[in-house]
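The following pair of complexes shares a single chain, chain A, combined with chain B in the former and chain C in the latter.
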Partner chain A sequence: MEEKSVLLEAKGICKQFNGIPVLKNVNLEIRRGEVHALMGENGAGKSTMIKIITGVYTMDDGQILMEGKPVTISCRQDARCCGISVIYQELSLIPALTVTENIFLGQEISRFGFTKKKEMRRQVKALIEKYGFDLDPDMLVSSMGMAQRQMVEILKALSMEAKLIIMDEPTASLSAAETETLFKTIDGLRQKGTSILYISHRLEEIYRMADRLTVMRDGENVGVLTREEMTPQKVTTMMIGHEIKEDKNRERRQRYEGNCLEVTGLAYKNILKDVNFKAYGGEILGIGGLVGTGRTELIRCIYGAEKPSRGKITLNGKPVSRSIAKNIKAGFGLVPEDRRNEGFVPLLSIEKNLAIASYDKLARFGVVNRKKEINFAQEAIRGYDIRPPMRHLPVGNLSGGNQQKVVLGRWLSRKPLVLLLDEPTAGVDVGVKHELYHLMRALATTGSIVIMVSSDLAELTHVADRILVMHDGRFFEEFTHENATQTAILLAASGVHTSEGVPL
Partner chain B sequence: MKKVIKFLGNQWGQRVTILVLIMVVMAVFQQNFFKPANAMSILLAISLYGIMACGMLFVVLVGGIDLSVGSMAALTASILSIYADRSGYTMAGFLTGVLVSIAACILVGIVHGILVTRFALPAFVVTLATKYIIYGVVLLVTGGHFVHIIDDGIMYKLGNYRVFGQIPMPIVIFVLCAVICALILGTTVFGRRLYATGGNPVASKLVGIKTDFSVIVSYIICSISAGIGGMILASMNMQAGPTTANGYEGNVLTAMVVGGLNLAGGEGGVTGAVFGALLVGIINNMLILLGVPSDMTTFVQGIIIISAVSLNMYTSRRSQGIVVEKTKKSDIKA
Partner chain C sequence: MNKKNLRRVISAMLVIALAAVFARTSDHFLSARNILQLLREASFVGLVALGVSFVIIGGGIDLSTGGIAALTGLVCARLSFIPGIPGIAVLLGGVLTGVACGAINAFLVTKVRLTEFVATLASGFVYSGLALIIAFRRNGIIESRPILNKSFTVLGTHVGGVYYITIVWLVMTVLMMLVLTKTNFGLHTYAQGSNPKSAQMSGVNNNFIKSGGFLICGFCVGLGASMVVAYQSAAPVTLGSAVAFQAIAACVVGGIVLGGGRGDAIGALLGSLFLTLILNGLMKYGLSIAWQSILQGGIIILATTFDAQFMKLPIKRRVKVKPGTGKEGH
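Moving on, here comes the complex of A and B:
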């Protein structure tokens, strides 16, 4: 196979945020007509890299060459002129407009201020025919499914004569059949000479589509693999790097068999298929897997925030209610994934955010016992070291870590039997992270069940006593704390068994 | 300059500043303003708006709005007048009228609440529609005519009696309403949940709050307070009919906005609503004392709304916070 010519070359890209280097001398080379995958763990710098190529951020140092010529990309318009287009996870189409109107949005062909509809329609039609898309130029976007909308986005990119189309997790919101259609579209584009930069966490997609693969880790690129070199083991090892051997002989907590949460045959929409597990008091159960595999839905089902379509959830033999309020009384607590939107009330004070779920204890006949409320808050602020320790401060003004302490503290103060945590340390700085781990451990030691969903592999191997990895709506593999390695968990999340884990 | 902004950004700073400004103007031009009798007349003028504003506060706290309060007042005024009149102004007739009125308020509140929560309709549209519906009901009930009240008993006293020979009844009821509302918001679990619901409904649901319930009860409280206002108004005017309390929702909303309440919900208290009503009353009073023709007052009211909101927007901590968050670098470039 002849070597294709280079389309875009980024050399020595550096970028700092507040003095913290996010990209360190990153190189990226994309050839004409290839599907180039970009992989890396969360926080490896993939998104920053894309934002630099597309002109959202400016780089501190480095050079971008387009077809061998150096270009400066300092705004999105520059990127568009160079022929670079992005298709974001959340699409930017206007649902009330037709395909044609959306494609020409902001760059309508017009004369004397009147748009030339026929001309635009003709051009869109020509494009659709050229690439063989299954689209009608007059169709309303609101009547289309996700996959078709994505096609419109791609068409929009092509209408601007894009040579490079960047796709950020394009399959995240697609069904299996829709994914198949997208792959066909991508194949078609590749044959017509358009390059694709494909970002995804799903290894299987990468193996299927990518011609070459760049792996990033901690703001550096670790290497470029060609199609022949790509194996799951190699890719995961590159993503994770050298694993620090942890001290696995840490103090074990006692398992309280008396406190047991059991889930059998749980299904939810078409996300969760058949989930079975038991969690015991005294242990921190980690739930791993890729984003969007139903981990969040699982704990929301347990908590009563979603209604499972099938299956049984019992706590100590008794079925768990479908009402959140009843579950809280029975000893459940949830730290949601989206802290800002679901975790707390930003305008309310620390005190009231802490007390909000505990008025069954802090009030009588519907009237709040102010003294108890203040004590409750002050103990929590002291006990969990919430800073600044001012109970009147609105939680929206705190740092991410302290906000999370408030959300977590709200439950810890109730001594819950079951605490469900969804990405508890996302967006939290390292120091606070360890404080949160400490609080979780302390709770488990008292005999509570702690279930933690996390995408942070280091966190799973470090904190969890037992790790269940989800894949395709089921638990795929189980690891004990002693045997778990980050590589093995990542492979399990992609559907590859390893010797470290126990297949389920 | 920073200190000035900080002082003005504080709600009390704003309120004090405005009051001082008014006092200075009045001290120069019209000293009658400071007479105790004038204070009483200001309070009497705002007591109805104040009562209604206290109820509307609940709805605004959960991020809603109720445009039907004026028509609701007309309805209860008419119902009470008719019951009182037909019974020959007996106590029993009066009490039945009050109970039927309150029942009507509760019904309307529930309808508002359910349409807003279960059917997810915008509160603005729902209450705009019910405003017309309720006025329609008033027309049906009264036959389009005014009901005149001829009584010197309870039906007269409700709006005109002076407690201790000094304080008009409406002011007493206004103060009572304000205190009750402040207690509900400040000391009950329901109050806490109301603020949470308004501040972040999703998070509230996840801590086990029945947010729909909070919202429905808010609309009920709002309707009831409007209804109380209407009944007092009937007594003050000694008549009730289709045009009673016409356009009151505008005055109540003005009080809310001038009081510095966040119409997006989750923030504010009775002091804001009361202060807003008070300020509007003071400014209207000021215009009268200064001899500004009454045709000008509505014009000035509009100016006041815009000034109050601008002042709030530019100085309050909250609006600054939002501006900082929303304008990221990437957005400017796009």
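Moving on, here comes the complex of A and C:
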């Protein structure tokens, strides 16, 4: 491959938040007309890097060169002027307007307030023809699918003469066919000399599209690979770094076969295709996989918060109800991913938040026994070490970790048979994390089923007794605690079979 | 045919179907006189709906139109008693009152930063109260005094059977349709109603759009109320009591989705026609006010359900947010 000239060069970028370095002397080089992938685990610093390039954050130290000339990017407008555009996961188009109107929104060509539609339409048409998109300038965005909308976004970027288009997880909400269309579009752009910075967790997409690849880890650039050098093993190893051999010789957990949740042939919309598994009392079952593969939907289906389109869910042979209220009575509990919106009521006190799911036990004939309620709360605050230990404090005022203790405590106090957790330690600091693990373990030891969805690979390998990795709407591989490594789980999540796991 | 047009055709066909039913069951329904009377009745609600549709499309709501109508009516009445005042000046006074009320709403929303709902709920009460203050009284009791200013009341008459208010309504509808589809302001109103954040990011001035909506709304309500007062030759303090919610109902029936970003002036027109037709027609069947009210509610529920279910309108895609997991241990 011939050497292409450099479009954007970022040198020695540093950034701190509250004294914690997030980017440490990062270099990034993007050439003209290349698809450059940026990879790294959550928290590796990818988003921060992009936000600096696009003017959302300002860097503490470093330099950005555009076509060899140093530039200052201190706001989004600056980035746009330099020819840098971003296409976000959450598309920003206006459904009620046409393609043309959307592309020119905010910079209409007009005279006396009347828009010159014909002129704008002509320009959009020229642009569509130049890049060979399959779009109609007069089409309403509301009547388009996700992939087409994305094309409009790309067109909008091109209309602003973007030389570099940044795509952040562009395929997250696309179907397989739509993804294919997007790839064709990207290919076309590359041939026309537009550079693409492609951020994705899906390794298979990267291998297919990227000319070069930069891997970030812990706020550092750990290497650049060319197309010839990329292999799944190499990339995942670079992402995870040196894995410290964990002490896997912990005491064997007692499994209680008497308490068993069984899911067979579960399908949900087109996200979950055919999910089968058994979870037993006494064990913590970890569920891994990439974000958006349907892990959240799976546990919401089990809990009764979503209606599966097919399949059977049974607890000890009895079918699980589709009603959340009935399931809670039957011993289910859910710690949701979106803590603030679904997990707790921010304005209510610790006491009320703890008691909210247990009024069946705290009330008689619909009247709450105040004494029982206070005792219930005080026991939980003491038992789960919720800080500060003031039962009247609104939960919204607590730290993330203590909020999560309240959510977890609400269920633990009921001694649930099945506890479902979705990203239970997201945004929780390290110390509290271990307290949460301890509480989960304590519950499992009493014979309850604990199912934990997590994107944190270290958490899965450290806490779970058994790990099921989801890929493409199915469970792809199963790992025992003893065999699991972070690299293997990450590979399995990308659809690559590993020697450590058992294929399902 | 795209969905926008489909929805419009459906509304129009409903109006025609309803008219056909009434035409079959009543001999004089299709008489020119009856139709022109119907149009006159629809004009007031129609003008208010037209105004409020701007606010709704922009993502807001205006509950104060009833108060604005009452106040405007009484300002017109008061002005018309000034000796020698030309009717056009009275009309101008009425319209300006409406615009002023709209400006106050805009101020409350953009500067005081109240939500549209609260701001216009409160201001509506204030406008109604102001109307009561300037109402005519005899021995302290409010009375409706007949307006004798011929140059003003002529605005309430008709030319060749078509009432002036109907002409004004139709002209305004065409005008507003042009504003919505052909101007930056119109496009930005849709953008703002659909997704205020991304509109702002694209360079749309949110406050400007909001203010414009309220001003247009005030203008339309002022115009409509003044013309109605001219027709009735009186300004009852109850002038606007029902119109605010009827206008919103007309918008909803006409496919203007509460929440913003959808619908247009033609929708407001068709919705107003439909509501007037059904209320008027049922009156002829001798259905009580109670049933009319219940039916109106039912129609709103049907229209909204239809828009949500069959037009697949505001469906939000669940976008997953990557959890910010802190890493540990390696």
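Just so we're on the same page, the second predicted complex is superposed on the first by the 504 of 504 C-alpha atoms of A that agree within 3 Å, B and C clash if a C-alpha of one lies under 4 Å from a C-alpha of the other, contacts with A are read in each partner's own complex, and residues count from 1 in each chain.
Note that a contact is a pair of C-beta atoms (placed from the backbone, for glycine too) under 8 Å apart; a residue touches a chain by one contact, two chains touch by 3 or more.
Owing to the predicted nature of the structure, the values given are computational and were not obtained by experimental measurement.
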| item | value |
| --- | --- |
| Touching partner for A:Ala355 - first (chain B), second (chain C), both, neither | first |
| Chain B versus chain C as contact partner of A:Ser309, first or second or both or neither | neither |
| Which superposed partner A:Ile94 touches (first chain B, second chain C, both, neither) | second |
| If touched residues of chain A are counted for chain B and for chain C, the larger one | C |
| Chain B versus chain C as contact partner of A:Asn42, first or second or both or neither | second |
| Touched partner set for A:Ser142, first chain B, second chain C, both or neither | second |
| Which of chain B and chain C A:Thr226 touches, first, second, both or neither | neither |
| Touching partner for A:Asp218 - first (chain B), second (chain C), both, neither | second |
| Chain B versus chain C as contact partner of A:Gly292, first or second or both or neither | second |
| Touching both chain C and chain B, counted on chain A across the two superposed complexes | 76 |
| Sites on chain A touched by chain B in the complex | 51, 55-57, 75-76, 303, 305, 323-328, 334, 336, 341-348, 352, 355-357, 359, 363, 366-368, 370, 396-397, 410 |
| Residues of chain A touching chain C in the complex | 41-43, 76, 89-90, 92-97, 101, 105-108, 110, 113-115, 117, 140, 142-143, 146, 169, 172-173, 218, 240-244, 291-292, 296, 337, 423, 425-430, 433, 454-456, 458-459, 462, 486 |
| Residues of chain B that touch chain A when the two form their complex | 187-193, 195-196, 199-200, 202-210, 266-267, 318, 321, 329-330, 333-334 |
| Residues of chain C that touch chain A when the two form their complex | 2-4, 182-185, 187-188, 190-191, 193-195, 197-199, 201-204, 261-262, 313, 317, 319-320, 322-330 |
